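Presented sequentially are two complexes of chain A, the first with chain B as partner and the second with chain C.
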Partner chain A sequence: MVWFVQILGIGLMFALSPLFWGITQTTKARLQRRRGPSLWQPYWVIAKNWQKDTTVPEFSSLIFRLAPSITMAALVAILISIPVAGQVPASWPRNLLTVFFLLALERFWTGLAGLDAAGTFGGLGASRVTTLGTGIEPALLAALGIVWGVSGHATIRPLAPLLHASPARLFPWVLASVSLALVLLAEWGRLPVDNPDTHLELTMIHEATLLEYDGRFLALAEWAMALKVTALATLGWVLLGPNCRSLWANLALRLGEVGLTAIAIGVVESRFTKVRFFRIPMYLAAAAGIGVLAFYLVAGGFSG
Partner chain B sequence: MSQDWIDHNIAHKQAGDELLSLTATRDGQVRATWMNPGDGRQTSYATSVIDNHFPSLTRALPEVAWDEREIHDLFGFVPQGHPDLRPLVRTPRWPSEFFPLGAKPIRCPAWLDVEPDNPARTVQGDGITIMKVGPTHAGIIESGHFVFSLMGENILHLDIHLFQNHRGVEAILEDQPIANAVPIVSRVCAGDTVSHQTNWAMAVENLAQFVPDPLLSLRRVILLESERVLSHLNDLAQIPAGVGFQRAHQQALAIKECWQQGLKQLFGHRLLFDTVKPGWAAGADPDALLMLIRRLRQQWTPWRTLVEGHHGFHDRMTGVGVVKPHDAERFGAHGVVARAAGQARDVRSVHALYADMRPACILGQGGDVKARFDVRLGELEESLRLLEASAMRLRNENESPLRRWTVPDTLSGRAVVFTESPHGLNVHDITLDCGRIARYHIRAGTYRHWPLLAQAMPGNTVADFPLINKSFELCYSCTDR
Partner chain C sequence: MLGGLLALAALATVTYRRERITRTMSLLLSIGILTYGVIGLWHDTPWGSWAGLVQLTGLRSWFLVILGLVATMSTWYSVGYHGLRPSAHFWLPMFLFSMLVVILAANLWVFMTAWESMTITSFFLVTTHPWRPNVLKSGYIYLVMSQISAMLILSGFMMIDAHLHTAQFAVWASRASALPLATKSLIFALLGLGFGVKSGVVPFHIWLPRAHPVAPAPVSSLMSGAMIKLGIFGIVQFLLLDLGPSNHFWPWIILAVGAASSLLGVLYALMEHDVKRLLAYHSIENIGIILLGLGVMSLGIDRHHPLWVALGLVASMFHTLNHAVFKSQLFLAAGAVEQHTGSLDIDHLGGLIRTIPGIALGFMMGSMAISALPPFNGFISEWLTFRGVLDLIGPGSATLSLYGLGLAMVLALTGALASLCFVKASGLTFLGEPRHPVDHHPLPLSMVGSVLGLGIVALVLGVVPQPVLNVLYHIDPVVRIAPATLLVPLHIRVIVGVLVIGSALFAGISRVWEVRTVPRWACGRMPDSAMQYTSQSFTKSIRTTFALIYRPQRTIVRLGADAPDFPDTIVYRGKTVSIWEQYLYRPAYNTIWRVSHWSTRIQRGPVRLYLAYLLGTVGILLAVLH
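And then the complex of A and B:
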């Protein structure tokens, strides 16, 4: 049963990730007083690109053609290592450090893909993605430091029952949640860090590395972007969100939570403007600081 | 003789006069027209083209750099001593003997089959990236080719290549009878069309010594200010889009749409094409106009509160794209760009149409994106006030119909006319000969601002360029012609 629910959970999250993207888009449209396209629009866009011919820049290498599959594979691997319904079979690989390294791999290949076609925008995008990465990676580590603080190792499992057991741990739990939310907005490339909807090529960060892609590669990259949001939101909710006893209830809860995250992203993107590129380190430093504080409060005996 | 030409022009600049136009004629004259901004008095100078050369003013007056390059490209006259004679309008596809406004006109030359080649000015050195953007862009925008020299995220130099869509409007207008001009002049640019039409109408009326009655002037003020509201709404909508502030962007576009639908009802055209002719202007029911303004204000006031209270938006606008007052002066900046840099330049103060309206001159501080945004906010409300005042006056005016006037068909002479378009001082330098157009030169509001935009870019980050560009909101169509 645990096997079945875990595999079903992974399948559902993978298949529904464009829908969650659509929920964000619809939320934004409504807050801008537009009707906006249908919730299913991301599927149509991906299907459209999938059917198109795929062209490759003349002087690009194998790297350019491998990058979309590798980034997609890294994200799928991240999704697999998350106990979507809270529990997984005993032998299931679920190490948090693996997630970090897979994210680093994804970022590395995104940057390579941007550089490989030798376009100016791709290069600029690759430079920005890697620059941001040096800030995002430690901030994410700090935001999730609470996992080590609570259990002393890096297994992905629901922490909320442990944190809620003592009232003194509630405050670090809040801090960790805030920190994680801030870092994930940056990791997803959403406002106030990056604007996934812009057509202004000079301001793009992640999108700039995808400018040379079309056809199936672009479809894959679009699905990967949606999957990144879904997978990391699932990870966050599993670690810090509420947890039920029943597997099925947990699975349903997770879907609702990720849907809620999609709406929240839409609200945040409507409230904020993009910050200046050179101010993003301040933003990430604040998120990391909050995360480190949560870690010390839990690990440093404050709970005792 | 040539020293005279340079001295006269420098003297006018030093006296604080505005350069209205600098252009050539087919028969080898180069003419400059200056205006005293205090009383509107105009002075013209001419110099002859000798042996295909004329003395360049650019080293002393950088604001005429593009005018002289344009003369070089279109007439074939060489400005002697010009520091940068790269093609401005010409493309490599033009045969070398083809000068569209030159002494020997060739209507339809055999275009050469060569690749476009824009020799851009770039910075050379280690670690410098050359980034080329355009002429086709990712959004629905006009065609411009921008070559950035970057050091990391920082802009060191920007070279702008416009005239990608040069239509040859000035050549088309030559030899046209007066009656044919309105539709062409109307379509020089959709953003400043009323201003262009009014210029043409005033030129014909000035040459025919026709004095417009107050009703006609009032109608033109209403059209000009309606255009300013439309244009400023558009520009104010575009600036938030540059920083991902989609909510303000979309809502402002909705307000603009409401205004355009109102214009369609009142004047019959969403962009106000063909609303001003010599001796005539489209009229509107004052009550319907007042109603439209009231509807606009209902949406405008909450929008203004939204953008004025948004900290992140203000943070992005402050201190970027700064136009220094010294540069504004040197490049002859006008309109919103100059006023945001603290310079009170608004030709409505000397314009006959606005004789008893006294429009307030809204000034900004700092010359950055925020100053230009704030000046537009203030000017839009000032335009609404002028519109309301005009509508009230129109209502009190007794219902006398517009005096019918037919344009005399043997009109001759030269007139340099101007209006304050939403993008600044818009000048037409028109010569008529026996009821036909002999020469039609357009120096629109944005023409003088493009070089200034390039001047203001170094020191900013490349990611801020769309925001800064949108805060200038320079028209390509008026410039390319």
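And then the complex of A and C:
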């Protein structure tokens, strides 16, 4: 049963990630008093791109063509490491540290693909994506420091029983959640760090690395972007969110939570503007600071 | 066996004018070292008449394997490499043999002789092309730093010798831990500084980015892959294993130096656009990562925490091997790029994946390994280092936990910066459109083969790490934790399986072979190679973010009759300042210069003056000693 639910959970999260993207777009449209496209629009976009002729820019090599597949595989590996319904079989890989390395793998190939496109915007995107990564990786570690603080090791599992064991952990828990939300907004490439809907090349960050992509490769890359949001939201909710006893209830809860995250992203994107690129380090440092504070409160509680 | 290796080294040296013979001998010598190390890992070898001079332990065999592997690949590579002159063939076998003896030495005198011989032979190898600009200066800086290192090590060793009344390392291993704490601290300081200078930790790193780039590629690969690791060997063997628990202060120094080296090493590497200098700075970074592992081990020794000892030792030793593999691979690939195009400047290269696909693949494999990306070997050892550092978090103390998280964040920042740097290095060198027209000389099989061979080693070590960890079990008899169990939570096979199968599957369904080539987007203008990013522009935002460390300066000069409003040409110069050289080495150098200038006043030349000095000294000594 545990096997089945876990595999079903992974499958659902993978298949529904464009839908969550659609939820975000619809939320934004509604907040702008528009009807907006259908919730399923991302699927139509991906399907349309899939059918198109696939082109690659001159001077690009096999690296450019392989990059979407490899980034997608890295994200799938991240999704597999997450116990979607809170429980996994004993031999299932679920190490939080590995997730960091897989994110780095995804970023590395995104950067290489940008440079392989041999244009200005690819290089620009590659430089910005990897530069952002240097801020995001330590900040994400700080935001998730509470995992080591309360459990002592890197297993991904619901921490709700440990976090709610004493009222003294309530405040650190809130802090860690805020910190994680801030860092994940940056990692997902959403406002206020990056705007996925921008059409101005100069303000693009992640989009710039995809500028030369087209057809099937673009479809894969779009799905991967949606999957990144879904997978990391699931990770955050599993670690810090509520947890039920029943597997099925947990799975349903997770879908609801990720949907809620998609709506929240839409709300944030409607309320905030993009910050200047050179201010992003401050943004990430603030997020990391909050995470370290949460960790210190928990670790201090440990000794007392 | 050792006699055989000595004979090979002697033969290779004597025949230095016969390139084929000397190369074969060097290759045989390297393979011999490798075999010797592999045999040593499983059982002790009998010594016969060599006993007392040399010894083989688990740790020594491990370093022999590292040396042998790097040497084999480098000597194989040098078959097709044009940069080695007869003088290099003369010094190379001696260099290899002295490194072998440094590892095997059983007493102080053998060790110091081999250590100095290693320094001198490597100095001559670095200055293989003395007429090229900057080579002699770099060589001398390297020699001076090495001499400082050797003198510090010698005085530390003499200190142990004076207290234990023996020069045999085997006796030190059993009795040095009983020395008084003050003596141990002094020995720790002397030896730590000495070995630290040789392995290039910040702030003693200045020789490394000078000496490595000017040396021929196989020599840089040997120096970076094997020689600086001998400093690590010294730290592990003499400081951590022999001295045992010492002052509670020392592990923190190791951790702090490790963190500083890793972070500053990679930050300096980012600003380089010469591939070999960039790689040399990355050696500093990786030595820092190794030191972080050793710091965890040292903390475990102090606090009697066997898991920390095991994690720290295994992580650092495994990373030592891994760094040797991928760093020599990258250096050899850089040498191949130089031979192929005649340039090592990233800003002049580009698009080499089409002319040398094998080297490009090798460099990318090395880049992924050094950026600690799965499924390569760097991933495993950095994962272990992370685990060791994060293991400091526990119910013991909030402060210790905070240090643990802080060190892990430094490591994460280092990893992300390294990954950025190698996206830059491999992307700008091998991908995109060539930035300048260059000659393309074809490369011989041995160069491509050795680079790819090391890449395969890196891949295998990353996918099947358990056997290697089992071998590491024999290094320290104190550790009671089976190292292979340390990797259990990783599930490396599942992760690699998902990555490989997933990539292949997605590549298959997206039909990567069925594409049409179109011009790239240039906002409607004619695209050309100059619109691609360069090394400077790629790291612009890093330079701005870390301005405190880089102190970036730029000058823009407008030239022409109607400057500044209508200039004919605009010259842009940007540079960063090395704070170590400006605030540490330059003042130190000036002080020494001034002192030696002042001291010429008492060295006027007449013999009777010197005789008077001698007499005076003897008189003072007699007065004091009686």
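One rule holds in what follows: the second predicted complex is superposed on the first by the 301 of 304 C-alpha atoms of A that agree within 3 Å, B and C clash if a C-alpha of one lies under 4 Å from a C-alpha of the other, contacts with A are read in each partner's own complex, and residues count from 1 in each chain.
We adopt the following convention: contacts are C-beta pairs under 8 Å (C-beta built on N, C-alpha and C of every residue); 3 or more make two chains touch, one makes a residue touch a chain.
The shown structure was predicted, so the numbers you read here are calculated from the model rather than taken from an experiment.
Once the two complexes are laid over each other on the shared chain, residue contacts for A:R216 go to chain C alone; chain B is not touched. More residues of chain A lie in contact with C than with the other chain of the pair chain B and chain C. Using the contact criterion defined above for the overlaid structures, shared-chain residue A:N95 touches chain C, although it does not reach chain B. In the superposed pair of complexes, A:R65 makes contact with chain C only, with no contact to chain B. Touch criterion not met for A:R169: it reaches neither chain B nor chain C.
In the superposition on chain A, A:I80 makes contact with chain C only, not with chain B.
In the superposition on chain A, A:K228 makes contact with neither chain B nor chain C.
When the two structures are aligned on the shared chain, A:R254 is found in touch with neither chain B nor chain C.
In the superposition on chain A, A:T120 makes contact with both chain B and chain C. By the touch criterion stated above, A:T130 is placed in contact with chain C alone, chain B being left untouched.
Within chain A, the residues touched by chain B in the first complex and by chain C in the second are 120-121, 123-124, 127, 201, 277-278. Within the complex formed with chain C, the chain A residues making contact are 53-66, 68-70, 72-74, 76-77, 80-81, 91-93, 95, 97-98, 100-102, 104-105, 107-108, 111-112, 114-121, 123-124, 126-128, 130-131, 133-138, 140-142, 145, 148-149, 152-155, 201, 211-212, 216-217, 219-220, 277-278, 281, 288, 292, 295-296, 299-300, 302-303. Touching chain A in their complex are the following residues of chain C: 351, 353-354, 364, 368, 371-374, 379, 382-383, 386-387, 390, 393-398, 401-402, 404-406, 408-410, 412-413, 415-417, 419-420, 422-424, 426-428, 431-433, 489-491, 494-495, 498-507, 510-512, 514-523, 527, 529, 531-533, 537-542, 544-545. Against chain A, the residues of chain B that register as touching in their complex are 129-133, 137-139, 152-153, 240, 242-247, 249-251, 254, 310, 312-313, 315-316, 461-466. Chain A makes touch with chain B in their complex at residues 28, 31-34, 120-121, 123-124, 127, 191-192, 195, 197-203, 269-278.
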